[in-house]
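First the structure, which I've put down as structure tokens, then a few questions once you've had a look.
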Amino acid sequence: MRKRGLLLDLVLVSDAHLLSVVRAAIERLTEITGFSPPECRSITRAVDEAVANVIRHAYGNRPDEKIEVCCKRVSGMLKGQRRKGLEIQLLDNGLPFDRKKLTARSLDEVKPGGLGLHFMRDSMDIMQHRRVRGVNQLRLVKYLGGNGTSNESQGE
Amino acid sequence: MRKRGLLLDLVLVSDAHLLSVVRAAIERLTEITGFSPPECRSITRAVDEAVANVIRHAYGNRPDEKIEVCCKRVSGMLKGQRRKGLEIQLLDNGLPFDRKKLTARSLDEVKPGGLGLHFMRDSMDIMQHRRVRGVNQLRLVKYLGGNGTSNESQGE
Amino acid sequence: MQISARRLDQVTIFDINGHIDLANSPELRKTLLKELRETKTPRVILNLTGVRYIDSSGVASLVEGLKAARDQGLRFILYGLSPSAREVLQLSRLIKIFEVFDTEEQALA
Amino acid sequence: MQISARRLDQVTIFDINGHIDLANSPELRKTLLKELRETKTPRVILNLTGVRYIDSSGVASLVEGLKAARDQGLRFILYGLSPSAREVLQLSRLIKIFEVFDTEEQALA
């Protein structure tokens, strides 16, 4: 296939009912990639929250816009070791992501909201937001054999 | 989104390990489309067998080729009634489909093999093979509110 | 997602089934708040045995339910959390604000 | 998919877990044929309780297992079929060539 390492490319409309489809696909993909059950759940959760954020924030709940979820095998360095992993890139044509929001709110107040970014950061080894020619790109990477909740999240 | 009625477009490599990903996605998609549990299972089975056939027959088990599974809402006539439904189109760039194989073998001998096309025909309201500019297209359609196993399969 | 209420003598049990996510958490919130207004029992229990997944919007709906229950002076109890549901409450540091039990028996005790 | 054998006195039980599809049916076939060659009991039972899905290539592997068992004069029994597994055997009109039971108890009886 053209893109190196590509496993699966999902294009869906921005309808929240499709979140269950995305979760089902990502959960299976993480299983066959070799992640542990808790890792499969947390990667699936991260992708679910990321797609939900695109639906709500980038597209303001318009249900007919396009979201792409592109899944690749990658390898990279984590804690001084070369590791294999899974990269999941989300692409949308919605409103730009507001960088100021990247500082997650404190979790000490008992208040719903503002949890999604926290979940993503908690699950993934890399989290990068970019905007390239009107396209929002969110790159999530998780390496195999990590200990779950490292914190190398980065904005660019 | 550009294509009318498009819900989900899956592009995957022709690796049999991804069949579980395809099944998970299609199973959820059929659920949210409103099919009954037995219909969800049988549509999922049809798509699974169709993708497996592309992997084995069109691509000769080469695991790095491209398969596209394009899912749309459609509406059409079944048994004199206009119905909504789900269209699932498979696209591949492999060997042409051999039309002679469309006559399924008799199921009366106890022998494995040759079951996939039978399952697809049994599950779907429409099954059409085409080849357009080197691309194999298999169009599967299932309408809502049918009685499960109608037999309007057609080749073109 | 389906939600239905069993109204017993001293307790109301809401049985919830299906994933709770952005597609249905507004409906969960609405149903929960409406049902709570009609609740006369001092205790409400959410049976989450049939819920394999809860996202952050679902967590938010549960928190709203909890608040509404507290405003009415009701106990608000969860039981039957799946691994994923438990993780999402732990990650959001909200598990400690809910009363959480494993089984219906324990929730009723 | 995982497969493991429990060798009892008069019967060997194969516990199979996971989906059976093109990705692993060749492995199922191989393991089954190898295990059958080592089987000294007059009866073999496949526990399919943990198998939610079987595709046509999985059906083919089961048929091969059945044939190998028959060649050795063994009974070959399936139990614990999921709705989808049952449907696939019905659709392929093969359900009648297998001995199928609901539970391990019945398969052992």
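Side notes on the structure shown:
The first chain written gets the first letter, and so on, giving A, B, C and D; residue counts start at 1 in each chain.
In the analysis below, a residue touches a chain if its C-beta (ideal position, glycine included) is under 8 Å from a C-beta of that chain, and two chains touch if they have at least 3 such contacts.
This structure is a prediction, so every number in the text was calculated from the model and none was measured.
Following the contact convention of this document, B is the list of chains adjacent to both subunit A and subunit D. Per-chain CA centroids place subunit A at a distance of 29 Å from subunit B.
In this assembly, the C-alpha centroid of subunit C lies 42 Å from the C-alpha centroid of subunit D.
Within subunit A, contacts with two or more other chains are made by residues 15, 17, 20, 23.
Residue positions of subunit C with contacts to 2 or more other chains are absent. In summary, the structure contains touching chain pairs A-B, A-C, B-D. Subunit B contributes residues 1-2, 6-13, 15, 17-18, 20-21, 23-25, 27-29, 31-32, 64-66 to its touches with subunit A in the complex.
Residues of subunit C that touch subunit A in their complex: 19, 21-23, 53, 55-57, 59-61, 63-64, 83-84, 87-88, 91-94, 97.
Those residues of subunit B whose C-beta lies close enough to touch subunit D in the complex are 15-17, 19-20, 23, 37-38, 41-42, 45, 48-49, 52, 55-56, 107-108, 110-113, 115-116, 118-119, 122.
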